[in-house]
Every structure is written in C-alpha cells, then in structure tokens.
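By written order: A, B, C and D. Residues from 1 in each chain.
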Amino acid sequence: MNKLPKLFITDIDGVWTDGGMYYDQTGNEWKKFNTSDSAGVLFLRYLDIPFAIITSEKTEIVRRRAKKLKVEYLYDGISDKLSVAEQLCSELGVTLNETAFIGDDLNDIPLLRKVGFPAVPANAPDYVKKYSSLKLTKKGGEGAFREFVEVILNQNNLMEDVLNKHFDYLEEQKNR
Amino acid sequence: MNKLPKLFITDIDGVWTDGGMYYDQTGNEWKKFNTSDSAGVLFLRYLDIPFAIITSEKTEIVRRRAKKLKVEYLYDGISDKLSVAEQLCSELGVTLNETAFIGDDLNDIPLLRKVGFPAVPANAPDYVKKYSSLKLTKKGGEGAFREFVEVILNQNNLMEDVLNKHFDYLEEQKNR
Amino acid sequence: MNKLPKLFITDIDGVWTDGGMYYDQTGNEWKKFNTSDSAGVLFLRYLDIPFAIITSEKTEIVRRRAKKLKVEYLYDGISDKLSVAEQLCSELGVTLNETAFIGDDLNDIPLLRKVGFPAVPANAPDYVKKYSSLKLTKKGGEGAFREFVEVILNQNNLMEDVLNKHFDYLEEQKNR
Amino acid sequence: MNKLPKLFITDIDGVWTDGGMYYDQTGNEWKKFNTSDSAGVLFLRYLDIPFAIITSEKTEIVRRRAKKLKVEYLYDGISDKLSVAEQLCSELGVTLNETAFIGDDLNDIPLLRKVGFPAVPANAPDYVKKYSSLKLTKKGGEGAFREFVEVILNQNNLMEDVLNKHFDYLEEQKNR
C-alpha cells in the first residue's frame, strides 16, 4: 500500500465545525468554520491530490465555503456517502484503499470502514472512533481536518515540501 | 419498574444548547444546536419511543429545529412543565414513572422530581443536579441529550440494536 | 455592615458575555447572553433588591436583553460608571457601601473600588481582580453574574428562601 | 536594541478571533471579536505608538472593527504582508527590527521572521510558533493581542503608567 492517499474526502458537520447549527427566527442558518482548516486544502492542492467534500446536509453555507476554498468536488444532501465515494474513485481511477476520509458520526461509518486512511476528530463517539486508524488530538471545528492532512504528510515526510512550496508562493507574490 | 422509558422529554435551553441566547440589533435571535443530539432523536424513533420537547421559551428557532428533526410533540412557552407532561402521559397512556426527562434549571425541578428517569447536563447547578439519578459527562450543547439517550439504551443493551437498525437503513439507501 | 446588599449593579460585556462581539458585513452586531444569568435577576426580584445594568456600550442588543428580563435600571453608553452609580444610590437612598457590583475590566475599577460588594468574573485581568473581595469560579458568559448573586445569597442563608419562592410561583402556575 | 517597539502590527483571523468564520445562507459572514483586545489598542494610543492591522481577508467586518477602535492603519486583502509592513515602516521612519507583530499562520511567517518583536497566540501550529520569541498563554480570540501588548509594556515597566493614564482619563470624564 502506498502511504500517500490519492484522494482526500471530508465530512463537514462535526469535522469542519463543532457540530454547531445556528438557527434564527427567520429560517436562516449558520455554521462556524475555522480558517485553520483552509491550509489543509491548500497543502493538498500543492501536492495535486484531489479533494472532495461529501455531506448529508444541503446548504448554501457549505457551497459558499467550498467555493471560497476552491474545492473541486462537492457532494451535498448525500445520505449514502459510500456510493458517492465509490463513483468518484471510479472517475478518478483510484481505489477506496488509496482514499483518505475523515468523518465523525453514524453516517460516516460505512465509508470509514472501506477507505485505506480513515480518521475521526477527537470528540467522535467511541463507536465511530473505532473505525479510525489515526488518533487526532483536535476536535471538529478546531482544525481536525488540517491535523489529519498534516499527520499524513508528516508520515510521508512531505510537510517541509509543502511549506516550502507555500513560502515560494509568498516570495513570488512579493516579487510581482 | 421497566428499565426502558416509554416516553422521552427534553428541555431545550441549557440542554440542546449551552444556554447561549444570541441577540442582534434588529430583534432577531439565535440559538446554537448541536447536530450530535439529532442521533438521540433518531434512536428513539427506531425504538418507537415517543419523544417531546417542553420549553419555556417560545421561538421560531425551536419550532424549526423540531420540524427539521421531525419531533412529534413540541410544547413551547410553557412555564408549568409538569402539568404539560402529565397531560401528555395521559394521552399516551404512560405514567410519569415510565417517563425520561432531561432539564437543567429551576423550572425543570418539578418535573425532574416526578419522572422515573430524571437527568441533567454536567453543568447544571447543584440544587438541580440533586434531582438527577444519572451522572452525564456532557454539558448542554455538547450532546448531553444524545448521551442521556445512549446511557439508557446501553443500560437496556439496546445500543447495538439501534446502530444495526441505522446501518440497515444506510444499506437500503445504497441499494435503491 | 449589613451583609446583604441593598442594590446590585452589573456590567455587561465580559460579565453577561465572554467579551465576544460578533460583527457581520452589514453593520449589524451580536452578543451571546447566557440564560443561566436570568435566574440571578429573578432571585433579586424575589428579594425586592433593586438591580441595575451600567455598560459603556450603547446597543439595541442590551436594551432588548434588559427588556426581556424586566431590568429596572439600564444605563448604556456610560464611560463614567461611578458617577451614574452614585446618582442611582442617591435616588434609592442607599450607599455605595451597601451596593454590589460585578465588572471585569479597566472602566469598572473606579466603581469596584467604591462599592461594599465588588466582584469580577474568573477571567478578569489580575489588575482588575485585585479589587474584588469575592473569588468567582465562572467566567463571563458562563453564568458569573448568577454565581455572584448566589454566593451573596448563600452568605446570608437566603438561597433556600428564594428557591422556595420560585417553587411556590411554579405551584401557583400549576393551580391556575 | 530599544526594548519598546516603535510600531505594532497585528493579524486578525486567529489572533483577534479564534479563526472562526461564520457563514449563513445568504452570503453574509461573521467574525467574533473580543472586547478584551480593545484595551491593547488603547494602551498603544496612550503611548503614541503607531498601530496597524494587516490581514489577508477583505471584509467589511474588519473595517468596521478597525473603525470602532480608531485603528490608524488598516491593510486588508494582503497576501504579501512583509512588503506592506516594509512600506509602512519606511513611511513612519522605523525599522522592522523596531516593529512588533503578532500572527498565527503560514502567511505571517515571512513577517514574523523579520520583525524584532514577533509573537503568536498559544494555539498556533508549532511550525509558526518557532518564529516567536514570546510565549503567550492566550489563544486567538481570548485576548492574545492584549496579552502581547501587556507583556511588552510590562517588560518596559510601562503597565502602571498606561493604567494611570487611563484612570486619569476616567477621572476627567467624571469631573466634566
């Protein structure tokens, strides 16, 4: 097994957020993202690793966040995450065994069981956590997704590489 | 006494939330729910156990949350929670002794004292906590309601049952 | 010195909130209150102890919160809190020495130094905390105000009294 | 080297906030500031030390916060923070070595490496933290900026000075 995944997939609620859903009196709704996680998306882009969001909720909130971070693949309103992941793997010519996925709750278990690189945030229930091979220290909304990406990049000695790519990018910005 | 309640009732502020009430400049208002608690509602539905919200606040916020989670019984703007619970018990043909209730503050005490399965979140005041037979580890808004449901299902060896029911449901979704 | 204050005054930001000020793109603003603190206001009402908010901010947010909790005296947009408190004391025929005040920051120090019952939330800076005679365990926004009221009521053996008054009130509701 | 910086610069997201970005369904966005940090800005004003915000995000949110706190220099939408800081230093006739800067993430590293007084909040990643000479105890959004200013003022025995200036100001308000 190659130690570097060829595809990263993330759940949203409970991973990019602390599970919080803010409701108001008018029918509007809020989620709180953490800018810290955006570096995880950036690192994957530097390494040309495709990245997908698969979430059961269907909101403009997530669509806007995905657009802001230029996420390539966004699947929302999905109850059967495993099938969607299988289809994406097929399109991209990768296997589930080559796929990394972070999710935190019941609906994530079928996909967590099948991917080669499963992870859950620190605050997931034990009956979900048992399907994770990684022990993350961050809770959802605290940068658990970024930690997930960094742990895997560190296992592959790629952190210095992506940091240098980012410093080169900043240097270019400076010289323009 | 049957160890499995025949009715579950929950308070909202301080149980499904951390007690936070967000006000703005225009008269609108917010509450922050935790998607984690929605699994508690789901587990009760799998077991055909009726479920009610009784809250002293009267907001569209809670009505929308109840609608989203398909909650059967919603009583809002209620100061006398005990009478409402008694009437619901009567309608459903169950007793208060067969009822589970989680609340966190003063107005919940009369009902906590009468139900067979009283619980409070970890952060409730001591003079409320003393009416609870269960020691929950989660605070309001952190999934205390879900923990309450799971503790009782575990006491009845029903957790594996509801998890399997949920995996079957996900499997059906996959095969459609 | 009478151990029971004849007037309670509270600051808002950092006491009833964690100091958080939520800004959006349109000029609107939010504060997050904690419903837990409302019991502190209720206890004072049961004891007929007058209660005032004095805050340097001037927002509809606080006015609405004060209205919801039926706060008698609200002074907002106040930089000189000591003078306002002195004037209120004079109106009510009480002294600053008979007054309880909880504040958390620089602008609260002049008043903290003069009142008989000064308190600060657990997270106040040390150079503010040193003017407090009470050690509260709660931070602003976690119910520090309620804790302040309860500590003083407990010192006067009045907690059971106000709790019973509240249970009587709930009982009356039931019998109507 | 003079121990008192002649210019203070701060990042916003992850320093004045916990990194949280609140999205809703309509395209609006929120940040949560902490009123505690406003005292840091005030202290610098009492000492006539120029102060700048340099942030990569470009939002009305930050512009309004800067306006509220009467921040002199606001640069938003900036990816190359080092160049902007160099230009501001040049305008003000100070060097980067005389400049204090607090930032928390990748894009802050080039500037953190060049200033004489670099700092990061307690929750910054280790590969950012290593460029900081100060160990702050507060996380972003908890008052890390204020702590940064206070640590440096304490090192220069200036805290009592600014506190007295503030008490004089409050006294003047009283006597008007």
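Convention: a residue touches a chain if its C-beta (ideal position, glycine included) is under 8 Å from a C-beta of that chain, and two chains touch if they have at least 3 such contacts.
Note that the structure is a prediction, hence the values are computed from the model and not measured.
The pairing of subunit B with subunit C is characterised as different-residue: of all residue numbers used at this interface, under half are used by both copies. Look at where the CA atoms of subunit A average out and do the same for subunit B: the two points lie 31 Å apart. Along subunit B, residues 22, 30 each make contact with two or more other chains. Viewed as a contact network, the protein chains form a single closed ring in which every chain touches exactly two others. Applying the touch definition to every pair of chains gives A-B, A-D, B-C, C-D. Chain contact summary for the complex, subunit B toward subunit A: residues 22, 28-36, 39, 59-61, 64-65, 143, 159, 163, 166-167, 170-171, 173-174. Subunit C contributes residues 13-14, 18-27, 30, 79-80, 82-83, 105-107, 109-110, 127 to its touches with subunit D in the complex.
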